[in-house]
Amino acid sequence: MTNTTWNRHHVISLADFQPEEYDTVLQTAASFQEVLSRRTKRVPALQGQVIANLFFESSTRTRSSFELAAKRLSADTLNFAPGTSSLTKGETILDTAKTYLAMGTDIMVIRHREAGVPLAIANEMDRLQTRVGVFNAGDGQHEHPSQALLDLFTLCTLIDAEKPRLSLLKGKKIAIVGDILHSRVARSNIWSLTASGAEVHLAAPPTLLPKWFADFVTEPIQSTQPSTSNSQLPRKLFLHWSLEPALKDADVVMTLRLQRERMTQHLLPSLREYHQRYGITKERLQLCKPDVKVMHPGPTNRGVEISSDLMDDPQFSLISQQVTSGVAVRMALLYLMSTGKM
Amino acid sequence: MTNTTWNRHHVISLADFQPEEYDTVLQTAASFQEVLSRRTKRVPALQGQVIANLFFESSTRTRSSFELAAKRLSADTLNFAPGTSSLTKGETILDTAKTYLAMGTDIMVIRHREAGVPLAIANEMDRLQTRVGVFNAGDGQHEHPSQALLDLFTLCTLIDAEKPRLSLLKGKKIAIVGDILHSRVARSNIWSLTASGAEVHLAAPPTLLPKWFADFVTEPIQSTQPSTSNSQLPRKLFLHWSLEPALKDADVVMTLRLQRERMTQHLLPSLREYHQRYGITKERLQLCKPDVKVMHPGPTNRGVEISSDLMDDPQFSLISQQVTSGVAVRMALLYLMSTGKM
Amino acid sequence: MTNTTWNRHHVISLADFQPEEYDTVLQTAASFQEVLSRRTKRVPALQGQVIANLFFESSTRTRSSFELAAKRLSADTLNFAPGTSSLTKGETILDTAKTYLAMGTDIMVIRHREAGVPLAIANEMDRLQTRVGVFNAGDGQHEHPSQALLDLFTLCTLIDAEKPRLSLLKGKKIAIVGDILHSRVARSNIWSLTASGAEVHLAAPPTLLPKWFADFVTEPIQSTQPSTSNSQLPRKLFLHWSLEPALKDADVVMTLRLQRERMTQHLLPSLREYHQRYGITKERLQLCKPDVKVMHPGPTNRGVEISSDLMDDPQFSLISQQVTSGVAVRMALLYLMSTGKM
């Protein structure tokens, strides 16, 4: 694998990802996807390296995916359990990270309830002139880059399994529906999908999609390769307070998890009303293209943001493929971060 | 190893286990027991495969045993921590299982507080036409098949360490004492021990052994091999509300863990009275055969269901051997489930 | 590596450690430190062996260090999670240990809130004539031998990285400052540092350093090798209720973690006052030798026992080196315990 277009130690945000970087991730993930289909699903790429999963916010699903990706690359993994940690003894998060650094950690995978923690740790690792890579596995309401990249990989491999690339989504209409305001998944996906040249349509109640969100992406998509014709393309993002215009002729509908806390925060009247107005059902999909696909980052609330029968219908649902893609895409990112350090 | 008599993807219940299947497990476990006595205690049988321990009900002891068995087979393991999982976010158990399926899990080891959950997941895996095996590691008050199989292995290897087989227990008298009603260990053991041709005697207070329990096993032991002479044998199960008739001339006494909640449920007057009437002591063992053995699935309440000195007496207690057998028997079952899928 | 001076199955306390044993640990750790600097940071020394981390008192930092050390030695590890264990079901600690013994554990790494638990388990393992080694990873206010040995290694390698040895600290002045009374780290360090021939000065408020503590070490340092000239040396321990005499001309200052519970126990007036009187700052270090080094076992309370700027100053702080040393020293101890059993 040639990584002429990759020189990141850290994966924190997709805001400044360039088209060539997306393509490097997609192609590397495709080659790991092939490894995962073999009987011996393991490559020695990161043998002897230590990957520490520092999940300050607990998550079994994402941690398992990262852990499996690390094991497939032959790395050693350390799991940090927030409830039983030094944090409860007054240690700062940076000091916890520095402890794992001193133990010999090569890559830190970090999830935290507060936006900005992975970036702060990455900055500290750079300030200390270490070669440690920091991987943002979800920080507050900021970003969740590996989720957006596995979504991208899932969509692109659907079109061309052998050679997934960003440009395959050009001109597609992709609707993102649900609690946009609080969703790090939505934020990361907006960066990657608009970078592909797709039209991204957001749909949510006004409380979960305030007007100022229209300013989310302003700068055009940039490319470091001057020869590329689509450098300096504008990003296409549209906001809707009702579902219909977003679903109309859509190629893809991404639903987002609705957190029950939103009720108690008076942002929504009731789960039932939310489902009636914004829940994705087979009936509603009739507004979309006939071969529309539905995605969800999980875990799902069946019958709230998505109807139960739709979720289980392989004609529409990509949910399983998303989870499967997650292992290959995280392998690709861990591998690239590791080579990007040489 | 030839597995001509094994074609199960799942191990959920012993109710329909056939004599030939018991013997396959016993013989396979004996060969793994030999592996465990070597300096390098590892075989490459399940290399590259993923075993997910989905312990929705937490258990360190059983999870460690399964984890070690998986590592001895060179499999990769994923541990699911119920407290920090998507379940608390509203995801259904089937969706959690499907997530682990999509990540590439080959065998799911499932423990759950409710009876039937492993079966429901196994059915879903089959409906989805996957090759995933489901291993019931204890479901509510239903079954705990690996515990009964390790008990069986412990008893059979005591008689013939090289060639353990079901028929070795024919005619033995085995007492199971304690909280039968709530015990998945007792239920699984009743299936395996009556299948061996042993006489199984249950003893407990009436609140923990209701009359209807006599109907527990009705169908005779079946064998798929028509040449076997003991096909269609009746199962021998006896109920007692006092200890003495169960212990009289017994070859083996299995005690069960008494859960303290039983007091608050008004099923028992006090721990002290329970110990006086149903606790197994050296004195009481004088009713049994001179070389009687005592078993307990653990964890024990010393001085409640079993006296402390008896538990520590290697002349009688098989408790350590049971734990040791657990690793070999679980290796055998994971291996067989894996080959049963080819 | 020749271990002619090592025949311990267990590492419980440094009270009876002999100079030759310290040197064996230091030299073995130095050779593993070299391994850790290679690209493939793994040796097959403990392949197939099982190391169980029984952390009855939870600790992410120390458990991660032990886990990494075990993985670097190619051992299999089992992690025991106290919250989800059989302990909550009434099992005794010795029974839990015997369960891990029966599963095939080779070394148990034990941390417990109560002093004496690792020793009790070690005694039980010996009484049962097993070859299992017990490693005290911190027991109550008793000892934390691996912490003191990694501190020793850190200091000795600072003087001679290639050939660290106990005698390098002879004549050095080392101050230990803080909550001496409750610190297992201080107790273990007092044994190792006085054994080196260093002068150890303790400084703390009287409530955290009672008069009777002066009797802590009475017996002289012993050596089994009669040829060694420094056998039967007296241990040099001094107590101070103010900071200045301890810091005066010190070569090393060890600060200890102040637990916030000490306030509610009326042992201290306030954190602020504690910092004013006993907190280590750059200003206070002017009392010490110019090249003084500062150590802390972690996790730290920045601005309480140590000032934040001092902690981050690589000119003085050895805190990162301590964590790094921890992996090599624990590898050395696990390896030596394992060979000591043959």
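Per-chain residue numbering starts at 1, and chain names A, B and C are given in the order in which the chains are listed.
The rule is simple: contacts are C-beta pairs under 8 Å (C-beta built on N, C-alpha and C of every residue); 3 or more make two chains touch, one makes a residue touch a chain.
Composition by chain, UniProt nomenclature: A, B, C = Aspartate carbamoyltransferase.
Keep in mind it's a predicted model, so treat the numbers as computed, not measured.
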- Item | Type of chain A:chain C copy interface by residue overlap (half), same or different | different
- Item | C-alpha-based rotation, chain B on chain C, 0 to 180 degrees, nearest 5 | 120
- Taking each chain's centre as the mean of its CA atoms, how far is chain A from chain C in angstrom? 42
- Query: What residues in chain A touch two or more of the other chains?
  - Reply: 83
- Message: Quick check: in the complex, which residue numbers of chain B touch chain C?
- Response: 36, 38-42, 58-61, 64-65, 67-68, 71, 83, 257, 259-260, 298-302, 319-324, 326-327
- Using the touch rule from the top, collect the residues of chain B that touch chain A in their complex. 47-48, 50, 52, 76, 78, 80-81, 83-86, 89-92, 95-96, 98-104
